[in-house]
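Chain lettering (A, B and C) follows the sequence in which the chains are written, and residue indices restart at 1 in each chain.
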Amino acid sequence: MIASLIPEFPWSFLFIQDLIGTVVFAISGAIAARQHRMDIFGMFVLAFVTGVGGGTLRDVMIGSTPVFWMKQPIYVLMISVAVVIVALAKNAIDKAYWKTGLLIFDAIGLGVFTVIGVQKGLDFGLHPLISIALGGVTGCFGGLIRDILRNEVPIILQREVYVTASLVGGIIFILFREAGFESNWIDVATVSTVIAIRMLTIRFNLHLPKI
Amino acid sequence: MIASLIPEFPWSFLFIQDLIGTVVFAISGAIAARQHRMDIFGMFVLAFVTGVGGGTLRDVMIGSTPVFWMKQPIYVLMISVAVVIVALAKNAIDKAYWKTGLLIFDAIGLGVFTVIGVQKGLDFGLHPLISIALGGVTGCFGGLIRDILRNEVPIILQREVYVTASLVGGIIFILFREAGFESNWIDVATVSTVIAIRMLTIRFNLHLPKI
Amino acid sequence: MIASLIPEFPWSFLFIQDLIGTVVFAISGAIAARQHRMDIFGMFVLAFVTGVGGGTLRDVMIGSTPVFWMKQPIYVLMISVAVVIVALAKNAIDKAYWKTGLLIFDAIGLGVFTVIGVQKGLDFGLHPLISIALGGVTGCFGGLIRDILRNEVPIILQREVYVTASLVGGIIFILFREAGFESNWIDVATVSTVIAIRMLTIRFNLHLPKI
């Protein structure tokens, strides 16, 4: 039973990215729970839904069931480890660090999940336009539930360049693919684009025009 | 790639209704976003989830995947056009008009989605009673998410005759079908019933008894 | 059409438990609606989503569609009956009784749904660890939506021993199964454990450590 917890090597690049995305989003959920002074299980719940929320909605909508985290126990294990690490982190760490940490982990998760969403959409024979939308859903939904659960106005509905970052990443993915680039380079370009847009718009306080 | 954006003619009556329902709900979502002074992408997100939310839940629950809007890019295109139109509409338009517009588009969407939900349920071999419930879920869920996202008490939980309108429409659908009416007439009767109930109860301020 | 409303006998133990869980959760939803002074249909909606929410998410995620309550009209019927009973209950009943009632029905539902979630996970060939998580999702999700809809901080994110109760129940289930106990005994042990943990921690005001 223990042996089956870890999938056999070699792991695919897509699987590794999925794992990274799940863990960084889980960490962002755990940090958010810590900010709200929840207990360890409230923390686990928030980390769990943030980590697997986007991918679960993606798999359910395209009909890839049982959904991804159910096929490999390693996702739940990694989320649990992430929660314990955040829970044990020193109280001495400054509030500002937590806030910055949440934004960075959130940006990485958004980038990685955008890639996986677009890729899975194409694998299921969906139109590139729809695959880009699926990348956006995969990237944004986990954080959306996280914010609804802790009763905050979702980050994606505030005047942040968030969904846009994911959609631009999705467009980059499709363009690089049409141009014939190798798979791993497409992924790196997409993730970098998403993270760069998030970081730059936050740093320089850029917003889309209000209506 | 561009050619495949528009499905081939002739379009089925059910598909046309689905498109109408998606667009009018998307407009109601876009108007709601405008009322909250969101940016263009917050507007798109709210329009999108309102437009496809009910049908997505319907398809996911009966196992019709990939869900409807993923098979035809035209849904996402139409929602985008609707958002742009609402975004560009003159600021001069009175607040009261927006509010009335939201109610009317919402009523049309509720009627059309009730029809499609009941029809799809019967197509999947579900009991008529369950198909009526499925019509209600399809009709109500998009607006429910719209209201949760903008942090308002969902319209369907307020003392409005909303779910009831959809359920009565579903009953009309089943009765007309049992009576042997032709498919298009059943649809027209159902949609008219739902819209009439919504408009009349709002106009004359009618409510179900409180407990 | 009427005959098909009730499934043929004999009913399986799992089906009976599913029915019990759905009804008790529906009652907890109806009581919550009553506390918020909703009308009869708002009450029905809240009872419905609380009753079928957890099982619907479970079935959708493992790909068991159409979801459970769509295959048997008896679920919707029983929920309707439960709502009418709660709606007609005397106003004279003390508020404290409603509150206690909500907690007890909620605990029974949590126990029964934990069993069904774990069982269905194993039936679908999932890892025991994932099946325990699925039991938790099935048990907790209905109450989660109930609380989101009525705009309260979800009970499972408060400092209550809630998710923990379900997870411990799931562990008991797996351990008793490994030990070779008969199916019905496993179910009874699991449900009793969950209810006992909920009741004792509420009675003696026990909590998990805050971070």
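Heads up, the rule we're going with is that a contact is a pair of C-beta atoms (placed from the backbone, for glycine too) under 8 Å apart; a residue touches a chain by one contact, two chains touch by 3 or more.
Just so it is clear, the model here is predicted, and its values are computed rather than measured.
On superposing C-alpha atoms, the copy subunit A sits rotated by 120° relative to subunit B, to the nearest 5. Looking at which positions face the partner, subunit A and subunit C present mostly different ones, since fewer than half of the interface numbers are shared. In this assembly, the C-alpha centroid of subunit A lies 30 Å from the C-alpha centroid of subunit C. Under the contact definition stated at the top, the residues of subunit A that touch 2 or more other chains are 60, 63, 148. By the touch criterion given at the top, residues 1, 4-5, 33-34, 37-46, 56, 60, 63, 65-67, 69-71, 73, 76-77, 87, 148-151 of subunit B touch subunit A in their complex. Interface residues of subunit B facing subunit C in the complex, by the touch rule stated above, are 60-63, 121, 124, 126-130, 133-134, 140, 148, 153-154, 156-159, 161-164, 207-211.
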